[in-house]
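All chains are identified by letter, namely A, B, C and D, in their written order; residue positions are counted from 1 within each chain.
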Amino acid sequence: MIDMGMEQPETDKTETVNANDTASPLLHESELHSRKERILEVHSLSKMFGGVTALDDITFSVEKGIICGLIGPNGAGKTTLFNMITGIYAPDSGYILFKGKSIRKIPVHALVKAGIARTFQHVELFGSMTLLENVLVGMHVRTRSGFWGAVTRLPWVLREERKARERAEELINFTGLSDYTHRSAGDLPIGRQKMAEIARALASEPSLLLLDEPAAGLNAVETEALGLLIEKVKKKGITMMLVEHDMSLAMGISDKVIVLDRGRKLAEGTPREIQNNQDVMDAYLGEA
Amino acid sequence: MRKTAGKVQDGTAVEGGIGMLNHMNPPHMNPIDNRKHRVGAGAPGSFLLRYMLPALLICLMTMAAWADETYKIGGIFSATGPASFLGDPEQKSMEMMIEQINAAGGIDGRMLQAVIYDSEGDPAKAVSAVNKLLHKDKVIAIIGPSTTPTTLAIINFVERAKVPLISCAAGIAITTPVKPWVFKTAQSDLLAVAAVYQHMQARGIKKISILTVANAFGESGRNQLLDQAAKFNIEVIQSESFGPKDTDMTAQLTKIKSASPDAVVCWGTNPGPAVVARNVKQLRMEIPLYQSHGVASPKFIELAGDASEGIILPTGKILVTSLLQDNDPQKSILEKYETDYMEKYKANVSGFGGYAYDAVNLLAKALKGSGGDREKIRSSLESIGNHMGVSGEFNFSREDHNGLSSDAFVMVEIKNGTWKLIK
Amino acid sequence: MQEILQYIFSGLTTGAIYAVIALGLSMLYSSTELINFSHGEFVMLGAMGIVTLWVHMALPLAVAFFLTVACVACTGLLFERLAIRTAGNAGHIELVIITVGASIFLRGVGMVIWGKDPFSVPPFLGHDSIEIAGAALLPQSVFIVIAALVLAGGIHFFLKRTLTGKAMIACAVNKKAAWLSGIPSSTMAVTAFVISTGTGAAAGVFIAPITMSSYDMGTMLGLKGFCAAMIGGLGSLWGAFAGGLLLGLLESLGAGLLSSGFKDAIAFVLLLLILYIRPGGIFAARDAKRF
Amino acid sequence: MKDTENVTGYSGNIVIISNRRDIAANAIFVTAVLMCGIAVQNTYYLQIMTFIGINTLLALGLNMLMGYAGQVSLGHAAFYGIGAYTTAVLSGTFGVSPWAALVCAVAGAVLVAFVVGLPTLRLSGYYLGMGTLGFGMIVNIIFREWSSVTGGSSGFVGIPMLEAGSLSFMDGKNYFFLVWGVVFGAILLCRRILSSRMGRALRSIHDGEKASMAVGVNTHFLKLQIFMFSAALGAVAGFLYAHFVMFISPESFGFMVSVKMVTMVVIGGMASVWGALLGASLLTLLPEMLHGFAEYEMIVFGLILMLVMIFMPQGLTRGLLDIYGHWKKRP
């Protein structure tokens, strides 16, 4: 399987190519010195469901501070890949390193604590809770009061709670949802729900944020707002991976793009490279 | 003439039955309670009020039906539930006796009034019933409950309230040690087991296996069987049990069969023992099968059918009244009870109803001249002697609040679908 | 050795009954995702029906059998129409509580109609047991096991070979898709109820001769059937069947070889272990996530 | 809707007590209990209310597990029984002070909940129901068969009355206050948990377990914790029951009691602390109010249960609020 990986020499190439300053004006010194530092490395990852190969020998890495787009036709294995990076599925073979450490056998919640957060393709907010509470739950791994804390309400618990709320409100402001703070999350319009999910994910103070089709179901105005938000998040130094079907969004904000097709990695490179890649065009046109 | 009034039936529902839902509790609505609900609902209780008020009124009306001149006597029976075979005839017997006593002019010119609740064989329900009797109905004495656990559950409450209780349950723990206010009319399992063992001894049976139902009745029987075995030179080589709702006991009986005892004793109440009888026949076990007085009713023969042939069991004399010799001192009482009961309810009498029959009679005796004073009732109950009842001859004393001796039981065998007295 | 055989015989007899009860539950679950906690009461109605029609009214056995099953199935139909359907979009646990209420209701009705006393039903096929290698076997037991197999086979055939059956499975797999392809899911639900309660009634008829029937016999049987269905894996027909037999065998062998007082506990411990090892039951068909 | 904020609760930025509505509810509750305690002289009514209190405790615990963590338990009566039997054996047989026995009872129930919950809570849906049901059955069989310690089917006699210094709880009124004091404490406790970090995580499991896991909640551990908490409440209820009746037997803690507990929670309204109180009251009072129906009681009871669920599937709390809302809207 490692041999198979060698068939795709672009991997190494793109890393260097990527160093070219892309259209994004946001890459500055802070990114420059950490550019080489890989926050996520995926090696020869494979996964089968029943007899179907969902992912086949995927290898790539994501550098700290960038936005990495993940595109591909339906059924390409993008969400499966997300599920494996977040620890929901274990790989059949291959491995994933997060900040240089293997994530194998680490439970989902511990990975969140380590710094991987995600949003869902179909919104999975806690519908009966308010937006504020949703964000507070997102902060779960960064707070620590438990049963006894709840029961005794010692000063430190109250302090923690107060801080958490302040921080949650900040995040809600940051995502531009302050009008909805005390509304129950299930009542939010769909566009806002997508943003709310990002706010909740940010609450866990991730260093890697996985966004699964954040623009799905959004209108053009909302999509634009979303793009701005993602850039704002990037400014905070958070690395992001983005599954997206909206090509203008994906290409517009990604620093690097990985193309998956039927479980295999088709290409990897800057958005411009990808747009000119023959394999990718074939895959998309072929699909269409 | 005043008629008996106020027969109130409490919750229905059953054992395993999802009667559960009534399980641990009680009561009528009361106004203050109602208010608490409104808080609970978080909304003004217009709905509650609308529906609860009628209930409240009904409740008040029942309370108003209280008259000063009557003696109020409480009854708690397992009229429904797994022990309804006990509670049902007991309740009927009590109602019948109270009616008779009132028809004969009451006691010291005062009528009796029965207030009867159903315990469903559930200790928690019995507790709520006894509190209702003690504090709401303010009875001067209580008859029942039907089973040992329900009786044990309420003993503390009657002792505290100082109200005489005449239990219809068999458990020894009820009157041993003696509690001042607690009496019972049912023959103890102790006596039934002794009767069985005497019979076995006469037949030369040495090794037995026992098969008991997994409830209070079976457990008490098992303890007695194990405790008394040595005294009669009998060895219990196996002790098995079955669930009250089990459908098949062949597994236990196969195990017993392979140990080849001289006899099997099954201790339970319908329908389990009838299944055991059938399974014994099915497995072709050629050894005597003894059953307990828990199945001493014609229903057992009906259920077990052919398989009941040759089964031996202890029973109060009521089952074999017609077979008794004319000079038997109990015979006339038994006949009267039998005919009265048959006439009123068109059903066969059982020994169980007799417990309540005796209890009412004993209480009536003690009530005479007491003027309703509970302590007087208690002490005169304690001094009753040579009282001939359905279950035997009662001789209460300070040390004995059951007052029966082993001649309360006779052994019978089932022959040709009917009872045969074993001399 | 002959004891073991005897334990197996009695285990299989009881197990076959549990299997038929589990079958009804599992069948209903697979098309409506509902566990009917009043299923045991339908078993009771079946047993009581045969008592009335065959023992008391002396109808021919076959007539009594079909009449009983038909009447109980009608009750099931009414139950679905009046209670489950009316509840509409209630959640699963609410529906379960409705079935709990129904079980109390039906038990109450049973008590009013048939009284508190138990009844006995003579065996369908002779009283005398056959002896096989020293172990006694009642013809009734053979009858029960065969009848259970036939019933399971029949339902299997119905689901897999007939159009209605296939439609039912389609409904179970995806209600919306089935609706889009023109399958009336409400008709399917009511069919499932009718078959399920009818099966329950049949179980009641089979069991009546080997034990005593009373208005409160159903709860325990329903519970055992529920366990059996879970062991086999909810929604799996043969799983439920195997689960029933397994439960019967465990109880019988547990009572015979270990302790009769703890026989239920032994059975339950083993069942729990099975659940821990295979969380979806032995024949896990589809996951039973919803409650 | 201006009301939304209040209805969904927990919204203000003050942590201590969530909002005014809660304080008001608590105040009304306390006043009502006090007034009942002072005004009601009849031991019978006091006793009924005491039973309601005990059942409320049971429902509260199970409601935390079912309503908020979304985990159904069909064997919860086991913890009720463990609490009752532990205190009975320790104080009745070994003469330990009941208060020390209470600590042991709660610790015992929590320990059992931990051991049982560890594997069982990995199951879900009906399988979880089945797993807990099996556990409940096994515990009940142990109560019945371990007769040298528990007194077997005949029950356990000789549980002492509670005393605190010179204060005896023999008096029905004292016991009433004790039980309702505990209930109030439990309500406050549940409220505190629900408005805390733990409670939010708990409610998030109910809304979506997958998402809850994905935002970093250790769902299994949290379910286990709340299982242990509800076991502890069950044990306290068992303790109060045992010392009140002073007699216990296995059938008071059987499968049907577990089902009754579930029914109380669902009828009252899941995920609502006041729902637990309402459900417990209804299921305690209803059989009592129905005794006039004699042998038809079971039928009526079953019918009421079905009708409530059919027409108020959200439970009485929600259902009554809705009715009130409709009624208020009418001119």
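The definition used in the following text is that a residue touches a chain if its C-beta (ideal position, glycine included) is under 8 Å from a C-beta of that chain, and two chains touch if they have at least 3 such contacts.
Only a predicted model underlies this, so the values are computations on that prediction, with no experimental measurement involved.
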Legend entry - If a chain touches chain A and chain D alike, it appears here: none
Inset, instruction - If we define chain centres by averaging CA atoms, which chain lands farthest from chain C? Would you check? - result: A
Legend entry - Which two chains share the largest set of C-beta contact pairs: B-D
Legend entry - Most central chain, judged by mean C-alpha position against the global CA mean: D
Inset, instruction - Could you please state the distance in Å, as a whole number, between where the Cα atoms of chain A are centred and where those of chain B are centred? - result: 72
Inset, instruction - Just give me the whole-number Å value for how far the CA centre of chain A lies from that of chain C. - result: 50
Inset, instruction - Please work out the Cα centroid separation of chain C and chain D, and write it as a whole number of Å. - result: 32
Legend entry - Where chain B and chain C are represented by their mean Cα positions, the distance between them in whole Å: 35
Inset, instruction - Any chance you could list the residues of chain B touching two or more other chains? - result: 12-19, 21, 80, 214
Legend entry - Multi-partner residues of chain D (each touching 2 or more other chains): 144-145, 255-256, 259, 263, 295-298, 301-302, 305
Legend entry - Chains grouped in pairs wherever the two touch, ordered by label: A-D, B-C, B-D, C-D
Inset, instruction - Enumerate the contact residues on chain A facing chain D in the complex. - result: 86, 88, 107-109, 112-113, 117-118, 120, 124-130, 132-134, 136-138, 140-141, 143, 145-147, 149-151, 153, 157-158, 160-162, 164-165, 182-184, 200-201, 203-204
Legend entry - Complex contact set, residues of chain C against chain B: 3, 6-7, 9-11, 13-14, 17, 100, 103-104, 107-108, 111, 116-120, 122, 127, 129, 131, 135-136, 138, 207, 210-212, 214-217, 219-221, 251-253, 255-256, 260-261, 263-264
Inset, instruction - Could you pull out which chain C residues touch chain D in their complex? - result: 29, 35, 37, 83, 86-87, 89-91, 93-95, 97-98, 100-109, 111-112, 219, 223, 226-227, 230, 234, 261-262, 264-265, 268-269, 271-272, 275-276, 279-281, 287-291
Legend entry - Contact footprint of chain A on chain D as seen in their complex: 4-5, 8, 10-11, 13, 15-16, 189, 192-193, 195-201, 203-204, 206-208, 210-219, 225, 229, 271
Legend entry - Touching residues (chain side chain B, partner chain D) in the complex: 8-30, 32-33, 35-37, 39-48, 55, 58-59, 80, 117-118, 121-124, 127-128, 131-132, 134-136, 148-149, 152-153, 155-156, 160, 171, 173, 214-216, 218-220
